[in-house]
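After this come two complexes, each holding subunit A, first together with subunit B and then together with subunit C.
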Partner chain A sequence: MMRRQSNFRLIPRLDIKGPNLIKGVHLEGLRVVGEPSTFAKGYYQQGADEIIFMDAVASLYGRNNLSQIVRRAVEEIFVPITVGGGVRSISDVTDILRAGADKIALNTAAINRPTLIEEIATQFGSQCVVLSVEAKQVGAGKWEALTDGGREKSGLDVVEWVTRAIDLGAGEILLTSVDHEGTRRGFDLPLIRAVSAVASIPLIASGGMGVPEDALSAYEAGADAVAMARVLHYREHSIPSIRRLARSNGLLVRPYE
Partner chain B sequence: MSSSKVAIVDYGVGNLLSVERALRSSSVTAFVSSNLDELEDSSHIVLPGVGAFGRAMSLLRERHLDIFLKSYERTGRPLLGICLGMQLLFQTSEEFGQWEGLGFIDGRVVPIDGDPLGSGEVKVPHVGWSLIEPQGEARLLRSSQDKSANARPSFYFVHSFRALPSETAVTKAICRYGKIEIPAIVERDNVYGCQFHPEKSGPLGLELLRNFCAL
Partner chain C sequence: MNKIPYPKATDLKLFTPDVRVSESKYGLPLRVEYCKRCVISNQRPNSAVEYNHTQSSLKATIFFDEEGVCDACRFAERKLKQIDWDEREHRLIELCNRHRKSDGSYDCIVPGSGGKDSFFASHILKSKYGMHPLTVTWAPHIYTDWGWRNFQSWIHAGHDNYLMTPNGRVHRLLTRLSTELLFHPFQAFMFGQKALAPKMALLFNIPLVFYGENEAEYGNPISDTDSAKRDWSYFTATNQDEVFLGGVNVSDLKSSFGLDQNDLQPYLPADPNRIEENSVEVHYLGYYLRWHPQSCYYYAVEHGGFEASPERTPGTYSKYNSIDDRIDDLHYYTTGVKFGLGRASYDAAQEIRSGDITREEGIALVRRFDHEFPSRFQDELFEYLSLSAKEFPQLLELFEQPLMDREYFDKLANQFRSPHLWQWVNGQWKLRNPI
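Presenting the complex of A and B:
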């Protein structure tokens, strides 16, 4: 198995609607799971390498309520935090970073105005710009980038869009398969392979994790990290059990007991 | 440690609140300030930093914080630089030009020059959790060195440049990144630096900060 230089990361992803942690299937049919900061703190204590908060409906209403949730969460979480959903401007970025986040995930606003990536990277550094891509398969080996929480088509080819975003200064990619999201049938491996082939920056695979073995497949397909939601929120598997499996299969992961 | 009063230097860059929260979670008295009198009234100083070396030095100079830090250092009180803050402790940097640093530790700051695209395996910036290897006795790592399970602890790194100390003895831990050895912890008398972010490195990072505050 190939080895990479940084540790493979295990990242809980918390999709937020209003004050609640929610979970859906294919980014739709959202159900309330619980209170976000309670879950986030639990994941930190279990050894999460990072945590992602996504405002699932922010793009629809053009506003952001995440600052408050982030402000509470960072009082007790001491690993990197990525925040996305409804981030539109430099001033949104400033607010969210001030609230304690380390990285910003951009999707709809970057597709509407790609130079926003460059502006944020120049001011805050590439390391804080995560390009969030919601990919829907539209043919053999072809995926289209969706916006607005997977509701709208952009007409952009995922591989072309990722290539352009890297040129503009994106520092990391959060790649969500809309087809696999919430289904627990494993990651979309051809999608991960297609994107990792053009990605010179770290790639987080998201959407479809059902069993710990799926993390190994994502790694082999080229992912540097996996984002996990349902599988953790419903306690089907735990971060320590996924970490143990990864390590026993020779993946470099952060030692944590 | 209960008598420690830790000042975090605010010079307009970086996520200062994370450092403050991390210290407070360990019941350390900590505050963020750019006021010279307030900073002087402290037992320890933390110099955080994110961004570019040249800009950081100009911001320190504009606020007369460079002169302040030099006189603080001479009092023998402990001083910790984090990430860019650690790089600022050195004499010079080659980050987009030639810049003069605080000069507490002999050496310079250079790009991570390790075959970034040749092998496809070493990406710059270096972002993520990496193992560090202690070199000799690092005061900042005290208890993590004792536990065998944590003999090679991981910390969270985000950087494109690395320090190159003139004397190898100041390097108390390294991180191997491809074929490069990145100084992860440096120490010279009362001056300490870590290239990674202890405030984002979970329980081991918090422990390192507590170790600093107990010096």
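Presenting the complex of A and C:
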């Protein structure tokens, strides 16, 4: 497949629980890191191409309270914002987009009722529908899509599910490896390869970023963007250093500094 | 011993929503209250010495103060505000200095499964405090795949280990008996969990044993946390004839079930005289270091590649604690039946006290998961609990139905439900006073 000639994007991912920015390992043992808007603003100033806010436990707790955080964030952040976690209905989408988000990410609700993807795409356009996939390896070259913050099985094969969601109108994929998430051991490259082989839409790789070179490997495996959390939150690496490395390796990245 | 009958039908009249309930099982408080800070109720039994646990045992339960706050939350507050942890660590260093060996021998025993807490305990004793621990493991009933991998990761992160796997035939019989008579399928494991390390200390002449956190952190009388040492009654007994295993007296186990002293040896407590003569000291590392289960998880991931369970444990939301024994699924289901407190209640209460989740989140998790039936390993677990005449020739004189299946288990569960906790509504069991 021909590579798309769009920029390779660097996207900080902020996992939110209640009022806090949090981080786990394998989506478990969630630790409070700090105040989300402070981190988001810092990443914007460092040159983030987009920002993802994800209330990974919204479905687990049966709640949805990100619009407050989004409303506050859009006053200071002027790059596209994706919001996910607990999005269950057209009215949830309306609220989040009105609060200022550019895209919404869907996982649990879409798995429970796949036609929700179609309904949202029809009403608001595919450009704002991100399919969030929590992929757990279940065998060689096989991954299952999980829900509820990596806690519930769906029985769905990741590759089949992505294919179906694209047919229904998803515009982008946020692909999180539960196995690699929070471990800093690099992305799950076979997973990225397997999904990018069937994905005609942009693919954001998430889970496992440890060193800037991991972004290059994700690109080579077929990702159009990388989502990063732990390496940025704990200041192990910075967006400018990752951007420089990407550019010096010939990747198209947004000119920034 | 009398033949164990097929579980009797439950008298549902005792469980109607409007019936006036005037008694409770196990000596539990008749009025259910929840702690104002966490999600535990006043029904939570204190840790008890399992060697005298019988069908008629009454439970002492967690203490709530005049403000409605449980002892475990009060202790969490002490951990945060009162205890001088520098002074405690200093005492740990002194203790280690007294025992540390430089002649190549082991200087302490750390029991554990290779879960996050034992990983932290043995690893930090070795890497930070310069000790030479020998780790000892009392095998789970049935390992989970990830539990086995974590056990291996623990050892190969730098620890020598002895794994004691008790004879499966006896272990299954005791587990069937404890399930049948006490609805406590985890009991056989607990005997070894508490007694193996002190006994290994005698065997190898290594007189210092470190357990992890004190059980009192989860709600035993708060005065129990004043000591670094574990009460001997948990792992010793002067008169072994008064010991009960699976709710059955040792002499009955021998005469009715054909077991001999050698079969029972792994379960029997240590002789307190020998513990005394050999100056064996059993300490809680959690007395000296501020224990935080979530930090142990991070520590174990960082230093040994510990992996969380690939799926949440039935009955709760968590993936990182008590994940190595398949029978754990049933264990917490039975505490839910007997005391109205399932796994999510225990997990959420601990995480609230540790500051990892809020009480509101904890309540949502308890409501969602607490009494979920653990079906994922049920076929294997019921097979494990079913006994065959090949293994026990006198079986049919002892059990009306040696086979255990879901129907049997559900009927048995109902016999252990207390009418002050449960009501039967529209064909379903519901708590009378959920949180």
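Side notes on the structure shown:
Operating definition for what follows: the second predicted complex is superposed on the first by the 253 of 257 C-alpha atoms of A that agree within 3 Å, B and C clash if a C-alpha of one lies under 4 Å from a C-alpha of the other, contacts with A are read in each partner's own complex, and residues count from 1 in each chain.
By definition in this document, a residue touches a chain if its C-beta (ideal position, glycine included) is under 8 Å from a C-beta of that chain, and two chains touch if they have at least 3 such contacts.
Here the structure is a predicted model, which is why all the values come from computation and not from measurement.
Overlaying the two complexes via subunit A leaves subunit B and subunit C side by side, clear of any clash. Look at A:Pro240: by the touch rule set out above, it reaches neither subunit B nor subunit C.
Taking the C-alpha centre of subunit A as the apex, the lines running to the C-alpha centres of subunit B and subunit C meet at 160 degrees, rounded to a multiple of 10. After overlaying the two complexes on the shared chain, residue contacts for A:Gly141 are found with neither subunit B nor subunit C. Of the two partner chains placed around the shared chain by superposition, subunit C is the only one that A:His26 touches, whereas subunit B remains out of contact. When the shared chain is aligned, subunit C comes close enough to touch A:Thr183, but subunit B does not. Legend: residue contacts after superposition of the two complexes on their common chain; A:Gly18 is shown touching subunit C, with no touch to subunit B.
Once the two complexes are laid over each other on the shared chain, residue contacts for A:Glu152 go to subunit C alone; subunit B is not touched. When both complexes are overlaid on chain A, the residue A:Gly250 reaches neither subunit B nor subunit C.
Ranking subunit B and subunit C by residues of subunit A touched puts B first. Fitting both structures onto chain A leaves subunit B and subunit C with a minimum C-alpha separation of 33 Å. Per the touch definition, subunit C reaches subunit A in the complex via residues 294, 297-298, 301, 307-308, 310-312, 317-320, 356, 358, 361, 364-365, 368. If you check the complex, the residues on subunit A that touch subunit B are 3-7, 9, 44, 47, 49, 74-76, 78-80, 97-98, 100, 102, 125-127, 171-172, 200-202, 224, 254-257. Only residues 15, 17-18, 21-22, 25, 50-51, 117, 120-123, 125-131, 149-150, 152-154, 156, 158, 177-178, 199-203, 205-206 of subunit B touch subunit A when the two sit together in their complex.
For subunit A in complex with subunit C, the touching residues are 18, 25-26, 28-31, 57, 60-63, 136, 150-153, 178, 183.
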